[in-house]
Each structure stands twice: as C-alpha cells, then as structure tokens.
Amino acid sequence: MRDTLYIINPNSNQAVTAGLDKALNIFRGPGVPRIECVTMVDGPAGIQSQLDVDKAAVLVQEFAHEHQQNALGFISACFSDPGLHGLREMQGVLSMGISECAVLTALSMGQKFGVIAILPNSIPRHWRMWSAMGVHERVAGEVAIGRTVAQLSDEHATLEAMQLAGKQLRDQYGAQVLIMGCAGMASFREPLSQALSMPVVEPVQAAVSMALGRLQLGWA
Amino acid sequence: MRDTLYIINPNSNQAVTAGLDKALNIFRGPGVPRIECVTMVDGPAGIQSQLDVDKAAVLVQEFAHEHQQNALGFISACFSDPGLHGLREMQGVLSMGISECAVLTALSMGQKFGVIAILPNSIPRHWRMWSAMGVHERVAGEVAIGRTVAQLSDEHATLEAMQLAGKQLRDQYGAQVLIMGCAGMASFREPLSQALSMPVVEPVQAAVSMALGRLQLGWA
Amino acid sequence: MRDTLYIINPNSNQAVTAGLDKALNIFRGPGVPRIECVTMVDGPAGIQSQLDVDKAAVLVQEFAHEHQQNALGFISACFSDPGLHGLREMQGVLSMGISECAVLTALSMGQKFGVIAILPNSIPRHWRMWSAMGVHERVAGEVAIGRTVAQLSDEHATLEAMQLAGKQLRDQYGAQVLIMGCAGMASFREPLSQALSMPVVEPVQAAVSMALGRLQLGWA
Amino acid sequence: MRDTLYIINPNSNQAVTAGLDKALNIFRGPGVPRIECVTMVDGPAGIQSQLDVDKAAVLVQEFAHEHQQNALGFISACFSDPGLHGLREMQGVLSMGISECAVLTALSMGQKFGVIAILPNSIPRHWRMWSAMGVHERVAGEVAIGRTVAQLSDEHATLEAMQLAGKQLRDQYGAQVLIMGCAGMASFREPLSQALSMPVVEPVQAAVSMALGRLQLGWA
Amino acid sequence: MRDTLYIINPNSNQAVTAGLDKALNIFRGPGVPRIECVTMVDGPAGIQSQLDVDKAAVLVQEFAHEHQQNALGFISACFSDPGLHGLREMQGVLSMGISECAVLTALSMGQKFGVIAILPNSIPRHWRMWSAMGVHERVAGEVAIGRTVAQLSDEHATLEAMQLAGKQLRDQYGAQVLIMGCAGMASFREPLSQALSMPVVEPVQAAVSMALGRLQLGWA
Amino acid sequence: MRDTLYIINPNSNQAVTAGLDKALNIFRGPGVPRIECVTMVDGPAGIQSQLDVDKAAVLVQEFAHEHQQNALGFISACFSDPGLHGLREMQGVLSMGISECAVLTALSMGQKFGVIAILPNSIPRHWRMWSAMGVHERVAGEVAIGRTVAQLSDEHATLEAMQLAGKQLRDQYGAQVLIMGCAGMASFREPLSQALSMPVVEPVQAAVSMALGRLQLGWA
C-alpha cells in the first residue's frame, strides 16, 4: 500500500536525518501521509564533492526503486538535489528536490534571491543548477560561510556567520529573500529571518510542503 | 480573527466563482483554513483586456484591505495575476497568484511548459509575465483556442479545442507539461492529461495548494 | 479634432506637473502638436507603492478614454509606466511610457545602463519591468538615493545624492549611461551628466521626444 | 558650422541613396536640421557579405571624420549598422544605426518582433546583433524573401514576397510587429502594414526620427 | 608514468567502444599521447535513462580514480557527459565531456546549432545541460530520429533518418551547424555533412581534439 | 599548396608579432602545419578604438584573400577578433579568433570566467562580443589594469597589476577561471595562474590549439 513520503538524507549522518525529522513535525497529523526520513548508510558522511553528489544520486534512486511499492513520493534532501531527475522518470510516484523547491518557493517571495552556502566550492555547482532551471536572472548571488562540519556544531557562531552572509546578500547583492543552502538547519530559519527582517526559505520544509500539496492533488 | 484564505475571482461572473469553489473542495477538511471564493461584483464580466486586468488589480487589493482583519491570505484568481505584487506589499498576510503558482508548479514537472490560452490577445501579456518572472527559457510556447465566453459553454467542443492546442504544444513546441491558461476549467484537467499522456497544471488548484502549504509553515 | 499629446502625471501633485511642463518647453513650437501636461487629481500624492501604480494605471486609462477624441497620444509619466500596456490596446492613438522610453534611449548610449532610484522599495518593481522588456542583460544596476519627498526639495543635497549614486553605478556597477528613475527632476540632468562625464537620460524628455517622432511618422 | 545630419548609404548605389532621400522628406521643414543622404562611391554595390559590412564600417567612419566639422550627426543606413560603435567613439556628434533604431522602435510596438530579410545569409549576422543588444528574448524570428537585387526591382512580386514572409512571422512565429530588414524600401511599409493589419517599422525613418529627437534635446 | 588519455565509454557495449577507437585513429601518431578507449563492463548496455547517466557518472569517476596514476586525462564519452564535473574536481588530470566539447566546437561554426538525438526522452536532459552551460540562446533545436539500438544497426535507414532530422533543423529551426547527439556514429558525419551542405560535429572526435590540444599546452 | 596556418597580428607592431611567434613554438614540430605569424604593416600601432578594430577587420580579410592559395587557416590575433565572421564566409579555409577561442576554452575550465583587460574602454566592446556569443551568463566580470602601451613594458609592474585584477575577479566577482584579454602576454600566464591558484587562459595559444585540432580533423 502506498502511504509514505520518504525524505531521503543521502548522507550517512544519522544526526542530520534526526534534525530533518524534527523539522517536519510541523506537517504531521491525521489525514496526512506518513513522512519518513531515512539515512543512506552507504552514503558519504557529508555531500561535499561532485562525486559525493553523483554517488548520492544513485543511492537515492536505488532506495526509491526498493521502496516504490509503499511510496507516495520521494524527496532528495541534499541541496544539490542528487537523483532528482532520475526519480522523476519513475512512474506513479512524486519526486521533489529540496534545492529546486527552495528556489520555486523563493520566487514567490522576492524578485531576487540570495543563497547562503556552507562551502565555497559548491557555488559553481549551484549556478549550474540555477542555469539548468532557467532562473539565473532571479539569483542575486551566493555567499559561503566557509565553516567545516565540525565548526557548524557551534550554533552561535554558525548563526552569526549566516547573518553576516545574509546581510551581505541583502545589502550588497540586492536580495529580497534568502535561501538556506543546506539541509538540517531549520532551527536557524526563524532567528535569521528576524535578524535580517526578510523572508528566509528552509529548503526541506519548502520541499515537504510542496510535495504534500501535490500528493493531495494527485498530480504525481 | 485571521482564519480565511480568500480566493478572489476578479470578474463579476458568479458562475465562474462557483466553479472555482467546487474545484477547491478537494482541499477542505478539519484543521484546514477556511477557503472562501469571492466574486468582485464591480469587476468586468470577464478579464479580457489589459484595462480589465488593471481594474481588477485595484479591486483585488481593495477587497484585501477591507478583509485584512480576518484574512490569512489572498489568491488572485485570474491568469494575469491582477494585483499580486501589490498584495505582497501588505504585511502579515500571504498573497499568491494563480498564474505564478501554475508556472512554479509546472517547473517541477517538465523542462519546458506549454500554455493553452483562451484568447490570442492575452499571449503578449503572458510573455511579459514570464519574462518578468525570469523563466522565459522554460516556456515552450502558448497556443490560444480562440473561443469566446459563449463558445466555452460548449464543453465538448472546448475540451476538443484544448486537446488540439495541447497536442500542438507537445509535438511541435516541445512541451513536457501543460498549463491551462485560465481559471474555472478544473474539470477539464484530468481528461486533458489523460488524452495527451502528459501532466497538466490547473492554476487555481496549484495556487491554493501552494498557499495552504505556506500558511502551514507560517511563511507569509 | 485630434491635436494634443497628453503627458499624464498620475499623481495629484500639481507642482510635479508644473515641473514636467516646464521641462517640455524645449519641444514646443510651430508645427509641433500641442503638448499638455495633466494632473490626476484623484491620484495618490506620490506613486510609492505597487497599489499606487495599479490605481494610477486605471486613472491614466480612464483619462485617456475620456480624451480620446482630441488626443494624438498619451504618455504615462511615472517611472513605473502605469497603464502603458492598456493604453496600447486603444486604437488610433500613440501611447508611450517614460520608463520604457528612457531605457530605449539609454540602449543607444552605452552597453550597460545604471538607474538612480528615489526609494529602495521600487527596485524590485523596476527589475520586473526590465525583465518583462527582455533587456536585463543591459542593466548595470540600480541605486536608490533613499530620500523622502520632503527631502527631495533640498535640491543641493538631492543633486549630491544623485551624483554619489551615479558614481557608484559608473565605477562599481560598470554603467556607461545613467537613467534618472523618476519624473520631474529634469533640471538635474545636465549637472549630473557634467559632474560624472557620462550621458544621463531624463525619462520624460526621452519619452516626449520619441512620441513626437512617432506622431510625425504617423506610426501610432 | 554644425548643421547637417548625414544619412550614409554605405553602398555605391545612388538609386538607393535617392530612395532614402525621398523617404526622408517627411522630416524636412523649417527649424529642422539639414538632412543629407550621401553615397559611398567606393563602397560595394550592395552590402551582402560580412566583408562588405566591415569595409562599409571603415568607409562610414572615414566619411564621418572628414565631415565632422559641419556634422550634427551620422546615421549608418545599412541594416547591419556598419561602423555604428566606432562612430559613437567620436565626441560631439550623435551617431545612430538604422538596425538598432528599428529594434528600439519595434520594442515599443509589440512584445515580439519579426524581421523580413532580403537574403538568408544575413540572418546569422542579424542574430549576432540582437544578442549583442541583449534583446534576443523579444525576437519572434526572421524570414528571408530570398530575392536578388535584380529581382527586387519587380516591386509587385517583392511586396508579395514580403507579405508572405510577414504573414509567416505573424502567424507561425508569433510576431506582433514587423521590421523591414533593409534600407530603401520605405514605400512598401504602408501597404505591408495594411495587408497584415499590424505595425511595420521602416528602419531609416525610424532612425532619422530618433536622431532628430536626440539632436533637439542636445543629447549627443 | 602519466601517458594515457582515456576515452571512457560508460556503457558495457564493446562494439561501441571499438567504434570509438576506430574513429580516433586519425589522432594517433608519434609524439601524441596514448589514446585508450575503455568499456565500463559494469555499465548499462546503453545510456538511456537518467538513472543510467547517474550510474555511469559514478563508474566513470571510479575508473578515473583507479587509473589516475598513469592518466593524462579522461573523456566521458556519452552525450550526457556523465561524471564530467566530478572528474574536474580531480587535481592534475584533464577532463572533458563529448557533449560539452561538441557544443564548444559548434559555437565556432555557426550562430545556431541543431542537435540530432537518438531518443526523444533525452531532449529535456540535453536542454538542462545547455542551459547549465549558459548557451541556450545558441540552440536552434533538437530533433530525435527515434530509432532503437536494434534499428540503429540498419545503417542506411539510420543515415536517412539523420538526414531528415538535419534537414528539419536546418530549414525549419534555423541551424547553421549540426551536432550528432550520440557517440559511436563517426562514420555518418561526412555523408551527413555532404548531404546537407553544412558542417556537422562528431562529439567524440571534437572532444579528443580539444583534449589533445589542452594536454599539449599543459593546461589541465 | 595549402600548408600554412596564419596568425594575423592586425597591428603594425612587429615586437608583438615576435612575441606571438615565440609563444607558439610549443606547437611546432614534425607533421604539424606551418604556423606563420604575420604583421599588418598598414595596421594601427595598437588596436585601441572601435575604428582600429574595424580597419583591422578589413586588413585581416584582405590578407586572407591574398594568401588563400597556400593557407590552411587564419587566426585573427587581437582580442576583439577583427574580421573573424568575414573570414568564416571564405570557403575551404578554417578561421578562428583568439577572443572566441579563449572563451570556448574557459567555458570548460570553470562556471564563471573573469577577464583581465588592458584598457577600460574595451570593456563595453567585449560585452557586445560575449552577448553576441550568447555566453553572458558565464561572465563573472572584467577588470582593466589601465596601463598604456609604454607602461606595459614594465613587466614586473604589469604582472602585479594583472594579479590584482585577477584577485578581484576571483574574490569579488566569483570567477573560477581567468582570461587574459590581450595578445602577446603569454609569458605572464604561468606566473599569474600560480599566484592566484586558478586556471588562466592565454588567448593566442588557446586559438592555435583549437585551430590545429580542427585542421587535423579536416573540419574547416
């Protein structure tokens, strides 16, 4: 029986998956499809290189094919949307990516969006995505906070770094809305938005929201 | 108390409003904000010219300002999104347009979208919207069925005309997904999609779906 | 008898209209159509919000329909070109907008143009216009001087602020030509151009110049 | 004394120059700068290849430098705008090109413009111009009538070929306005516009109109 | 010792690899790096779906990491360039993709290029690549011959189908140069070019040519 | 007998030609076409204005027509690619431009390229080229070092200025690869690349490399 929307964390970090899961409680309730966050235990510890993205793309699709029987849909929950276009070639399930959904959401919140990246080397990869989406005109710019996974655990310093990046995107690059360019940092969204007085999109929540809406409509 | 999502039909045709209302039953249920479809009785009989759009833009915003107290959000339910950007300058409510939402939805369903218009003279206006949205690269094309309001009431012939337009958009223009470029024709979506074996976006449902998701997140 | 080119100031500020009128003396003379600047007394005091733009769009078109009998043409004289595309659906008259004409003029003066805005919140609206025009590649950027209407009356300080914005557009954004993003400041054009050693486009004069040329050709 | 606007026919065909001259009578009158059409006797018989364009570019600029003393401005009157950007590096004179002006005029007449070319091999060259201008989004397409210079002299057949091309641009390519992609055919503009019920831009008249407007403003 | 340029056929079809190898004899000679064509025996029989592309991306990169010691460079020899951007994150080797190189070559041969695809479902994937490359303005269009692998072995019929597609791209889409959107069909290039009197790019030869040039320069 | 690839320095500065020649020794060897660098003695001392470019365009083409008998191909060796599109209309020879080839090479080295110009007034001209090429999305920006020909001879200071410009392009404009926007400075490529830890494209070598590859393939 198809009853589950799978949120696929393509890395092997269970703490990240737990973070995703917690941020999705907002959606859970009677009449709502089951939302299950899963970890790719064979995935990389974190998605940092293009090779990580490509491996994740395969893992995500293999997971989807194995769980197709009881799946309503799949969400690729890494900001490079690994496997998204392959998932979409599967019939009868809905597939979304957190990066694409974050952009589609931001496009209705401001004329130009800015993106806060974790690592600078992901920026060219992100530009390829935005250009492939045909939305490059709407990109104000991207700024990386340049913190390692270890450094990210210092939440105070991380939030501060994100605020600095967001301020630069707002004041120098001309962004009216921000996208958090990573999964698993949903708790920073509200304080970031408050501090900068501008809308901020958290990509996993954006994707689950769009996916649940699409499932309700039956437009897989 | 803010508890209602208003779907504003900017023309004065109550039958259109009733049609919208019926197509939105799919969303109604416990825990879901009240969805109320309203008619602009001072609006034009149909939105055909740019002047109609501009008048509708003002009516939509005036309605919104009058109902701001109990509104969670507003949806401008005409395919030219009259008043959308003005609604967005209101604080504390969510505002969406059916045309923008249809496009944002279609962008996750195919690389190029085609649009079925009712009247040919709306096509340049639509291109201005898509270019303003910065998504022109993704537009396969638009084809008008060229039927008057009176002719639209012949449902069989109208559906046939839409299928012909859709076929042209798919086979000659290279569209992988279609958008119905009008409000109030939700009943045609499923047969059109079946007949052409491709996804079809109904803009009002697309907009309400996105809006309810955003209200749930509290990202006004 | 059709003999007048109407310059429609869509706000209710008669001083602005008087300023427009004065700046158009350069065009008046024998054999030239009558140029009449009119004030929309029911318009907003100034066009600041999108709602102001939308209301102005209707007022401008209503004025045009009332004066169609003796009009050669209409110019929407606010930098958001309220009502322009609706005016163009009227048969037998010429319609131009000051913002569009300023851009078309600037495109023949430099590869990238910069725009000096009055208020920062108009910038996203302007980007929508430039993208709808399909000329976004040519935009170097826009900088707002951020002065209120009251502050604008201090001409010395206003000119200084415009020079600073222009310098930034020239040196940091790479503009070769500037557009003054507002009506009614024609007297600043020459000193601004001199101070920055670069061409500057005043949008109302640009529009009237193009309109008179088109009337002479009879290409309405 | 600077008193003349030179219209430079860069080919050596005096009949073409005479045709240009006749089409510009509409602009002549008291208080209007002298408009003088000149033939480049060392130019090619017709501008057909890119080498022709490049040679014409030099001839046009050499003429301009020789006549700078009494020139108010120069118009490069070939649809490839030979020498335009070099002319613009001259101080104190205004320089315009008929192709650029035709486009700038058409941009205010319809969302997408179509171009009627004489020879098919000029089409890639024209696309380079439109892309360099950053207006490619606005191009509906270009269709060549494919007639040689000798064949052009059969006016009836030429007009018919232009109507066919225009109809194709309107009905298949989606153009709302046409540009005649050549100099010296002004007499066809009105019948073409009538036959197709759509606006048609004649590039030489468009350029002279814009140039006279700019000279009046003193914005060289 | 680094001495080999690897051409990676990401599918498991050794006949395809043999075909590639034969087409590269043109490059072999004294002083030229060793060119070795390899088959991914664990790869799919043919790259048809996005999942095939994603699996190929990983295989290609794994091969590259295993052979990094003696590799001068790697070429991903499938028209979807699987693994290309990941290969480029490897230090000290050169990496090219046949699709990207075909486009870069075609950009110097005509203003608009057309692409002959094998299967229609690859067209949206190709558009994502061209948009990601930022060259969509230069694409005239793509036409699929719609032949299965089995059908491709009928060389006469395949060439005929390619000629028909090419003619359509030239005459209806406005292409001045064609790209063969597949690997392993180098023998068709010359007859196709002759039949259509226009340049045709074979992507594997285009890529090896660019790669050898870059290796000679030492710009890895 | 056609045996020579001509590298045409369109200015009259023989020292520049000698510099080009030296930088091309890397390509010379048995089995390689003769590479001959030639000086246009009637050309300008340096290509600085658009008129210089246009004159060079004619000289380059005249040289090519005179040497067509024994030419395999021609390279226009000035960063404005004078005469390139005209050369391409010659049958039976290959023609390339150093600017176009530098861009095509850079497109395979990073998502956004930055360009180091010598003189600021060439920047708008370069933007026209990149837009005409349809690659503007990929341009990070251009920075001029602003040194005169005399100043360029101070190699130490010139390299330092190029490093500063490159650093700005990398850190502020977001370039991942640099293009040297001039001919004759090949000796700076390696130190620049080392100092900035990023790939740098020298346009003349890039062009000769691509041209030799194309000649080997016989795709003129």
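Which chain is which? They are A, B, C, D, E and F, in the order written, and residues in each are numbered from 1.
In this text, a residue touches a chain if its C-beta (ideal position, glycine included) is under 8 Å from a C-beta of that chain, and two chains touch if they have at least 3 such contacts.
If you're wondering where the values come from, they're calculated on a predicted model, not measured in any experiment.
Counted as hops between touching chains, the shortest connection from chain A to chain E is 1.
Considering the contact criterion stated above, the chains in touch with chain A and with chain D alike are B, C, E, F.
Shared contact partners of chain A and chain B, listed by label: C, E. Two copies of one chain, chain C and chain D, touch each other, and the residues they use overlap strongly: the shared fraction of interface numbers exceeds half. The most distant chain from chain A is D, comparing centres defined as mean Cα coordinates. Between the Cα centres of chain E and chain F there is a gap of 27 Å. As a whole-number value, the distance joining the C-alpha centres of chain B and chain C reads 32 Å. Work out the mean CA point of chain C and of chain E, and you get 51 Å between them. Rounded to a whole number, the gap between the C-alpha centres of chain B and chain D is 42 angstrom. For chain C, the set of residues touching two or more other chains reads 128, 131, 133-134, 136-137.
Under the stated contact rule, the graph of chain-to-chain touches falls outside the line, ring, star and complete shapes.
By the document's touch criterion, interfaces exist between A-B, A-C, A-E, A-F, B-C, B-D, B-E, C-D, C-F, D-E, D-F, E-F. Touching chain D in their complex are the following residues of chain C: 26-27, 29-31, 96, 100-101, 104-105, 107-109, 133-138, 199, 201, 205-206, 209-210, 212-214, 216-217, 219.
Chain D makes touch with chain F in their complex at residues 49-51, 53-55, 57-58, 61, 83, 85-86, 88-89, 121, 125, 128-129, 131-134, 136. In the complex of the two chains, the chain F residues touching chain A come out as 110-112, 137, 174, 176.
Chain A contributes residues 123-124, 127-128, 131, 136, 141 to its touches with chain F in the complex.
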